[in-house]
Amino acid sequence: MDQAALKQHFEEILPGLTFPENKQYPEVIVPVDKLRAFCDHLKNSQELLFDYLMCLTAVDWNDHFMVVYHLSSTIYHHTVVVKTRIGNRENPAVDTLSDIWKTAEFHEREVYDLFGISFINHPDMKRLFLEDDYGFPLRKDFTDESRMIVK
Amino acid sequence: MQDEVVKNIILGEDDNYIINVGPQHPSTHGVLRFEVSLQGETIKKVIPHCGYIHRGIEKMSERLTYPQIIHLTDRMDYLSAHMNNEAVCLCVEKALEVEVPERVLYIRTILNELNRIASHQLWWCAMGMDLGALTTFFYGLRDREKILDIFEESFGTRLIQSVNTPGGLMQDIHPGFQKRITEFIKYFRKKLPEYDQLLTGNVIFRERTEGIAIMTREDAVQYGVTGPSGRASGLSCDIRKIAPYGAYPRVSFKEVLRTEGDTLARYKVRIEEMYESMKILEQLTDNIPLGDYTAKMKAVIRLPAGEFYQRVETARGELGVYIVSDGNKTPYRIKFRAPNFSNLFVISKLAVGYKIADLIAISGSLDLVIPDIDR
Amino acid sequence: MSALINYFKDIFFGIRTLWAGMRITGGYFISPREIVTQKYPENRDHLQMFDRYRGEVIMPHDENNQHRCTGCGICQINCPNGTIEVLTRKELTSEGKEMRVIDKHIYHLDRCTFCALCVKTCPSNALAFGHDFENAVFDKSKLTKILNKPGSSIIKEVK
Amino acid sequence: MILVIDVYDFSGLTQAIDKSLKAVMSPGWATFAEYVIIGLIFLIFYAILGLFLVYAERKVCAFIQNRLGPNRVGPLGIFQTIADLIKLLMKELVPIKNADKLLFNIAPFIVIIASFMAIASIPFARGLQALDFNIGVFYIVAVSSLGVVGILLAGWSSNSKYSLIGAMRSGAQVISYELSVGLSLLTVVVFAGTMQLSEIIESQANGWWIFKGHVPALTAFIVFLIASTAETNRGPFDLAEAESELTAGFHTEYSGIRFAFFFLAEFMNMFIVASLATTVFLGGWMPLHFGTGGVFNRIMDFIPPVVWFFVKTGIVIYIMMWFKWTFPRLRIDQLLTLEWKYLLPINLFNITLVAFLTLMGWHF
């Protein structure tokens, strides 16, 4: 499916989505509470069949987090970028997608490890790389005097 | 929280025998730890633990300019260093909409394929060694040396090339580059059948690998297993075919696919990929166009604000580079979707029910490079 | 009956494949020409590195003990690891102009990743890669080197 | 022809020593003195042979792998193993927390004593044999299987999970492969009609059993090679050690000279099974003969029997090294499958065939 068709399709499933400008892939911002249902549809719908979670990450935009999902289909080879915005900086949380795409389980743990975004209903929500009291290094406000050298 | 920790420590029932394979273990090829719960020699549960060499490359990259980031990507999957470099370069070039000279495309593709062969050779060494055939290690390294010599002659570096830069290459190839590659292909076409006789055909090797740890296509997609491991399960995931880059649209090659999904299939895909890579090399080596080895770039590279994603096929699978730029000379956020990271965790599904010796064979067949998992 | 035939087939298949492997290793055993080991310290005299080999970073000096470094500090900025520190001072030239001269060009070999960004970006080609690869020392501080030789000056033509 | 062989008969020499000893002391003391002398000779022989075999293994594997192997200490690196031995002697013996101290310490000795006992009844030449039992074959098989007790104890007492797995593997492996070793030796025992090693060799004066015994002897020889490689815990059957799986298996926790004992015992076991194969199948110290008489046979007779013995043993050892450096390791269940499904039935069939052949007198 091309970009326009995908856009139209998304509109049909969930009205009121925002579609930011992205030259490369179609991009869609989904509200946090609708994310799970939306992704479930993307995975299981026969025309879309986004069965492959390419990349899962988050971006810290100082006032909010953006969790970014790059989805692709191994059959149709079309790609979409799904984003969700988390405003809560103190206790950021989003529904897990690990039962939709198994690989999300580990990517989510990585995101939890580095950003401190916890994923609700994740089967094994613990840190992947770092010690438990390390802090969340990929947050922009992370400082570690002893280990960081600022030029 | 405390209860959760306790729950996680208990792996299985009381009578299970729990051993740690790693972090210091001959077969993890790095600092990776498998927490294995055994009953007799049969595996009941495998939990991979990583993070022993987490260096925070993504965090470091937020303070480095784009040409500087490239030298860090070398250190992720050091066996496909050139592919990692190229991924960042392609992403930056795509963002800047720079037209790269034809010559660069060809040279990059040649380096990619040489790197892929070198990586698969080292994998073959290590796979044989994991299974107890120590001699394979030396044969593989002996042949890999020829490739490293090609790199060294042209760029002065061996394992990691550090020759890519946004817009092209840092230096042109050596005049003897093509000749050496032709010689290498001639040499390696003679040696590769020996690999088959020594290991592939061997009845012990077959017994150890055939029908072991079958990964279905669904598993591969679910766990995001890409690269040769995914293709052994019939998952067509070759980025060189799906989203071609470099000079790949100009060469004809076959995407090696197998449907068995067992350890032997993963082994055979890599062996066949070496043949395919040699085919690509043969098509490209004598046709490198003349021209500049780099495009004109500004001294300070600033990416326009926005998000850029580039997929590249490394020797182990799909590498994704996701750059979020805010218009500065350093990326706002850079994420490497490492192939080994996804490939690793499938082991906890594959190894269950097999013997501990099979765990070693499976992790060998998945061809894990630990720094790529941790980054 | 077919089970019995398969049983013997298995045995002969096994022996055949094992023999194929043994033929390769046995073949190498009796052909010493294939040995690839190089005796390293013995072959030091005729060990030739490739021209473009990236050893440590050096600053070539000519016969008058002159180098090409202007002390602009681009290498320092480009280095991703803080390997290079350039210390400069102002000096009066014969025409009475103030000119920047390097005091010390400090190179930390222990931090260098040989990414070649300094050598490639140097506007006056003052840096190059040496061919020396024997850098093992017992003291880490010995890996911090000063690249400009004592008493050296800049070549006139370099601006 | 007989004359030439008699020149190399050592029984005259040993009897002369016996006589001279008995002349100066009482028979009891004389026997004791002989034991001491023989013990010392074997101790020295054991050490030298162990060092040489380690060197040989390293050179063989190096040549197979396109390398030079040890080449620094002494000409062609011949003193490399001595340097290694000195290094191992100087190394710390790491005490293991919660290990069973007694068993942990005696395990290496059990392994080494077992191989030491077996070496006593190996006939190196006519008359050059410490113990010539009438049940020599049985004795060697019995004694060499004692070594596994040491391996089991080492694995058990180390208080390491890897060691325990290695030890258990070793136990299962040795118990099953002992059958094949015994049965394949039994074929020749049936042919020769004796279990005394010196008589088995004498029975090969007119041709080695591997030639005289048709296909069954050849089959038995191959089976013996495979099974004995397994019994000595060498690759591709080195599951007890399994470097890539269990780091070092049963001797993971051993260091210094204790580790060296295991190492040495492995090589000596290899020598013992190789010399047993030589004795039983390849005519021991008997020279190679074709037909009767002839110049070729006379030239062969001039080569001393000790040389014959060591050359043949060396060839068998080389074949075992060749195995190790070519094949991947088997898995434990495949190892047992190989024994119970392939080697044992073949062996049983083989021995029936041999019994029939001997009954009909159809061997040479």
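Should a chain be cited, it is by its letter among A, B, C and D, assigned in written order, with residues numbered from 1 in that chain.
Just so it is clear, a residue touches a chain if its C-beta (ideal position, glycine included) is under 8 Å from a C-beta of that chain, and two chains touch if they have at least 3 such contacts.
Just so we're clear, the structure is a prediction, and the values are computed from it rather than from any experiment.
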{"item": "Chain nearest the global centroid, as defined over all protein CA atoms shown", "value": "B"}
{"item": "Whole-Å gap separating chain A and chain B, where each centre is the average of the chain's CA atoms", "value": "25"}
{"item": "Inter-chain centre distance, chain A versus chain C - centres from mean C-alpha coordinates, in Å", "value": "42"}
{"item": "Gap in Å, rounded to a whole number, between the CA centres of chain D and chain A", "value": "64"}
{"item": "Centroid distance [mean C-alpha coordinates] between chain D and chain B, Å", "value": "45"}
{"item": "Touching two or more other chains - residue numbers and ranges from chain C", "value": "18, 21, 24-25, 36"}
{"item": "Per-residue overlap in chain B, given as positions that touch at least 2 other chains", "value": "135, 142, 198-199, 202, 204"}
{"item": "Per-residue multi-chain contacts in chain A, two or more chains", "value": "151"}
{"item": "Arrangement of touching chains [line / ring / star / complete / other]", "value": "other"}
{"item": "Pairwise chain contacts, counting only pairs that touch as defined", "value": "A-B, B-C, B-D, C-D"}
{"item": "Complex interface listing, chain B residues touching chain A", "value": "4, 8, 50-51, 54, 56, 58-59, 63, 94, 221-224, 235-237, 242, 306-309, 311, 318, 320, 322, 324, 332-333, 335, 337, 341-342, 344-345, 374"}
{"item": "Interface residues, chain C side, partner chain D - complex", "value": "11, 18, 21-22, 24-26, 28-29, 32, 34-37, 39"}
{"item": "Complex contact set, residues of chain C against chain B", "value": "13-14, 17-18, 20-21, 23-25, 36, 50, 52-54, 78, 80, 113-117, 120, 129"}
{"item": "Chain B-facing residues of chain D, complex", "value": "61, 64-67, 161-162, 165, 169, 235-236, 238-239, 242-245, 247, 325-334"}
{"item": "Residues on chain D engaged by chain C in the complex (per definition of touch)", "value": "60, 63-68, 71, 322-323, 325-327, 342"}
